[in-house]
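Below are structures written as structure tokens.
Next, two complexes with subunit A in common: one pairs it with subunit B, the other with subunit C.
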Partner chain A sequence: MGNYFIPVNYLLKHILKTEVIPSPPISSKTIELGNKYSPDFVCTPFKFTLGTILEAIENGADTIIQAGGGCRYGYYHELQEQIISDLGHNILFINLVSQGKTDLKKLYHDMKQIDSDFNFLKGLYYLYITAKMVKYMDKIDHYIRSNLGFEEKEGSFTQLQKQMLEAFSKVNNPLSLYLKYLKYKKQFKKIKTNKPLKPLKVGIIGELYTIMEPFANYELEKELAKYNIEVKRYTNVHYLLFEKKKQAQKYVKYAKEYIKYKMGADAADNIGRCKYLCEKKYDGIIHIKSSFCTPEIGAMPIISKICRYYDVPLLNFSFDTNTSEVGIKTRIEAFYDMIEMRKKYEELLHRD
Partner chain B sequence: MKNYYIGIDIGSISTKGVIIDDNSNILVSKYIWTEANPIKAVKDLLKDLKMGIPKDGQIKGIGTTGSARKLIGLMVDASIVKNEITAHAIGTLHYYPDVKTILEIGGQDSKIIIINNGIVSDYAMNTLCAAGTGAFLTSQAKRLGLSVEELGQMALSSKTPVKIAARCSVFAESDLIHKAQVGYNKEDIVAGLCRSVVINYLNNVGKGKRIEGPIVFQGGVSKNSGVVKYFKEILKQDIIVDENSHLMGAIGIALLAMQNKTSKTYDLNMIDIRFETKGFECQGCSNNCEILKIYRGQKLIDVWGNRCPKGLKEENMNI
Partner chain C sequence: MDKLKIGIPRALNYYHYKDLWINFFKALDCDIIISPPTNKAIIKDGLKYANDEMCLSLKIYLGHVSYLKDRCDYILIPRIDNYGLSDQTCTNFLSLFDIVNNIFNVKILNYNIDYCHGENEISAFINMGKVLHKKRWDSIKAYQFASVKANKECKKKVLNSFHKLKSDQTKVLLIGHSYNLHDAYLGQSIIYLLESLGIEVIMSDGFDPKMTNKLASSLSPSLYFKYSKEAIGTIDIVRNNIDGIIFLTAFPCGPDSLVNELVFRKITLPYLNLVIDDIDSLTGIETRIESFVDIIEQKKQLIN
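Moving on, here comes the complex of A and B:
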């Protein structure tokens, strides 16, 4: 998922003696494989991850680690395990989250099963470094997103990010990671941009997998950057792992005129964010989800109500494994035309 | 010398072209079928449009819109290439400055555009379903042994339109067959068909949008008086259908071409040059991008569809 395979590989490489097979980047073949063996009406991330698992098995993997979440994601592991075994593969599945909870004792046993020398304290130590790595990655990502549309030399952000991730994967203690982070942060700030004082600003909210995997959202963020739009996005792995627990409750409180309780996955968070973005006078909001994502389907009418109340344009996308790319581009182009026209009109009003 | 501007709207079913002058008056217009060959359609279209240009006229801008806008934009070297939503809004606003809602149903797409203070403030396009579009009407007319043009008039003569499940074109079709087999007469079925297009549109594209008057209805389907009737009936508001309602996208993009003047003068004889595309699958990695190479004459002028530079390499282009 996005660049997050780097910290995950880093962690596994350091705590286990076994060979770690990085999952290949998602391609058309991944989707074809996932589509072939998935139930037709399952949410799209299931198809993507199943495709990835099958490709990893092709490359020789014999153990699969899968996480879980507070929606249908919680059942991914069981169903995928069944499908894989029906296909005749003998694979060990390790589930990090079962029935909404992580059982550390069970996890320790699972790890011992893979590698009998597994050391719990060492595991914790590298888990700490990995968590920090994710945090720094997300912070830099945040900066990139709001500036990518304005770089003077095309590709300079992407290139530096690649270098940074390369450097991150070679550190071996928290201090050197932190120093690397500071070094690259400085370099990112040095990249020349021609950002106007008041650029067009768009917030992206929606379902977590589609929002974080560029292949699943047809590189939406890069597409928006082409139109010189500053992009804001809240969902990232650091948020999901460490902030969500606290924040989700706050979001419900913040948007209390719209929701009373959490609706599963990130639905409540997105409603809160939508209200926040509207109040911060963003020029537009894009809500994306994978097809058949139930929590987000529940959130959509509320989100459009909020946008109507604040008069902020909203664009909805529901991505499936075979969405037409041209259609997406047409809608983004029209969305850009619209928010730009609105902005010019408003500026004209304020001048008079 | 007088200046003229061409607007071309290449849709999935039909291709529309207009020439306007500096005062936005339409000089000539043309409406032909695309027949899944946009390059040929545009060549035919321009051949016809060319006849209408006076001796002292020169073309100072060409704009393209519609689903083949990018390809044709490249072919005619357009001065502006814009999506159909913006083009439709600009065209309609020129004739109806107070318009609040634009309903548009074309061959493959249907859209709704909400206008506030003379600018687009919201829009939606159909996503999954084609039941509410012109292509569906065309195929069903054929099934009933009628031409599309007849549908509207026939629908008007019905007093009791049959109810047709409008959710999806597949269901609608089987419902339609069923109604015919149990003996309903053709008028009522056709009327039910027109009504189902309206209901599908409002439930699908128009969902959650505030539809306020003045409402302008355009696109090819707006020529169907049956559909117009049911829009009026269900929305309980007056619906304006311009005589050029089918050309609005082309007019809009011509206006945009006029507003974005270039110093260039176009020679319409360029359409005689051979213009070709070749598609192939890149073998560079497992993505297998579908790549399209575009040639003008013998020269390769553009390559589309590659996600990375590998797609541009000759060795991956085994056609």
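Moving on, here comes the complex of A and C:
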């Protein structure tokens, strides 16, 4: 998922003696593979992950570690296991979360099975470093997102980010990680940008996988950066792992005139964020999801109601495996034209 | 004072809890209006309000709500989150209340079931009684009365199903959510088709949910969708008595998309997968069902 394979690789490399095969970046071949063996109307992340697993097996993987979560995501592993064993591969699956809870004892046994020298405390130590790494990555990511597209020398942000990730993967204690983070933070701040005083601002909300995997949303953020739009996005791994439990109830309370209960997965969070973005006078909101994502479908009528009330433009994207890139570009272009014209019109009104 | 009128949409949860609800409100001395069985007009209404990616069952539900909106004081819309960690429901049930509340401008009678956060069925019903200005003790009595009645109905249903299993005709197990199986538009038309071909239809919700819930683990140990568990657990009970299985799914049902695929890969019986989207004519489905029936009947003859 995006750049997150780096901390995961880092964790596994340090706690297990085995060789870690990084999953290849998602390509059209991955999607084709995933599509071929998936049921028809399952949500798109299933197809993507299945394709990735199959490709990793081709590259020689024999153990696969899967996370799990709410809605349908927690059930992926069982079907994927079945599909893969039906294809004739003999693979050990390790599922981190089953039925909404993590069984530490079972996890420990699974880890022992892979590597008999597995040490629980060592595992915890590196888990801590990895969690910190994810946090720093997300913080830097946040800064990049609001400045991408405004830099004087094109591509300097992405280049520096690559360097940073490489440096991150070589640390071995929390302190050096923190120092590296500070160093790169300074460098990022040094990159010169020519940001206008009031750039167009767009908030992206939506389903977590599609939002975080650049291939799944056809690099929507980069596309927006080309139009000099500042992008705000909330969902990242750090939020999902550590903050969601605290924040979810807050979001429901915040948007209480629209919703009374949590709605599964990130739906209620997205409604809260949508209201927040509207109140902060963003120029537009883009809601993205994979097709057939049930929680987001439930949230959509409410999100469009909020946007109508605050008079904020909303663009809905539903990505599937065969959506063509050109259609998306056209829609973004039209959306950009519209919000830009609105902004100019409003400025004219205020001048008089 | 006039009696309160409570509207119950004949869709989704209605088929799971109808005996409980109807008896509860009768005991509390309220009037009940149940929307008519699904028809073309209701579906059309539902499509108008629904989002195009919502599942067909939810679209139908919105149609029923729209039928009731001017005809009663309250519309009963529960939010059923889970009966424990391993008995969760589809996220549509979680967001049902909020979706309806935002689309329609109606008074909603709502209760919340969330065992993980300590909201169980009886406290939910007491809260509902409070909204209707009933005394706490009356609500408890009404709930107990209703649950006894509902249990009786359930037992009758189970006896009936076992009776059907003994017949000599070709038997087919129809697996699906109860709100699809009993819907006049989806399930009933298919059951009618099957029965006209001389098939005994056994429905997956005709057994004791507590029993089927546990049996589901033999097919899928980590499944945590309550209603899917209850549906596929039936296979274990009837496996040796039936000739074929038909899976009935509304497009695009979230849990079914994964669970059914898994079950297909594990069963040895002949099966037919029917996915129904907004249909105007049954001709295509008729052809498929006829050919499926031909196959299982030929197979039966070969074995005999």
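Please note the rule applied: the second predicted complex is superposed on the first by the 352 of 352 C-alpha atoms of A that agree within 3 Å, B and C clash if a C-alpha of one lies under 4 Å from a C-alpha of the other, contacts with A are read in each partner's own complex, and residues count from 1 in each chain.
In the analysis below, a contact is a pair of C-beta atoms (placed from the backbone, for glycine too) under 8 Å apart; a residue touches a chain by one contact, two chains touch by 3 or more.
Remember, predicted model here, so these are calculated numbers, not experimental data.
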item: Clash or fit (per the criteria above) of subunit B with subunit C on subunit A; value: fit
item: Contacts of A:S318 with subunit B and subunit C, given as first, second, both or neither; value: both
item: Which superposed partner A:R331 touches (first subunit B, second subunit C, both, neither); value: first
item: Touching partner for A:Y209 - first (subunit B), second (subunit C), both, neither; value: neither
item: Superposed arrangement, angle subtended at the Cα centre of subunit A by subunit B and subunit C, nearest 10 degrees; value: 80
item: If touched residues of subunit A are counted for subunit B and for subunit C, the larger one; value: C
item: Partner chain(s) touched by A:R342 [first = subunit B, second = subunit C, both, neither]; value: first
item: Touching partner for A:P301 - first (subunit B), second (subunit C), both, neither; value: both
item: First (subunit B), second (subunit C), both or neither touched by A:F168; value: neither
item: Partner chain in contact with A:S27 - subunit B first, subunit C second, else both or neither; value: first
item: Minimum C-alpha separation between subunit B and subunit C after superposing on chain A, in Å; value: 6
item: Residues of subunit A contacting subunit B in one complex and subunit C in the other; value: 301, 318
item: Interface residues, subunit A side, partner subunit B - complex; value: 24, 27-30, 301, 304, 308, 311, 313-314, 318, 326-327, 330-331, 333-334, 337-338, 341-342, 345
item: Of subunit A, residues touching subunit C in the complex; value: 39-43, 46, 71-72, 74-79, 82-83, 86, 95, 98-101, 258-265, 267, 291-292, 294-295, 297-302, 305, 318
item: Residue ranges of subunit C in contact with subunit A within the complex; value: 51, 53-55, 79, 81, 85-86, 88, 90-92, 94-95, 97-99, 101-103, 110, 112, 220-225, 251-255, 257-262, 265-266, 275
item: Residue ranges of subunit B in contact with subunit A within the complex; value: 67, 82-86, 117-123, 125, 127, 208, 210, 285-289
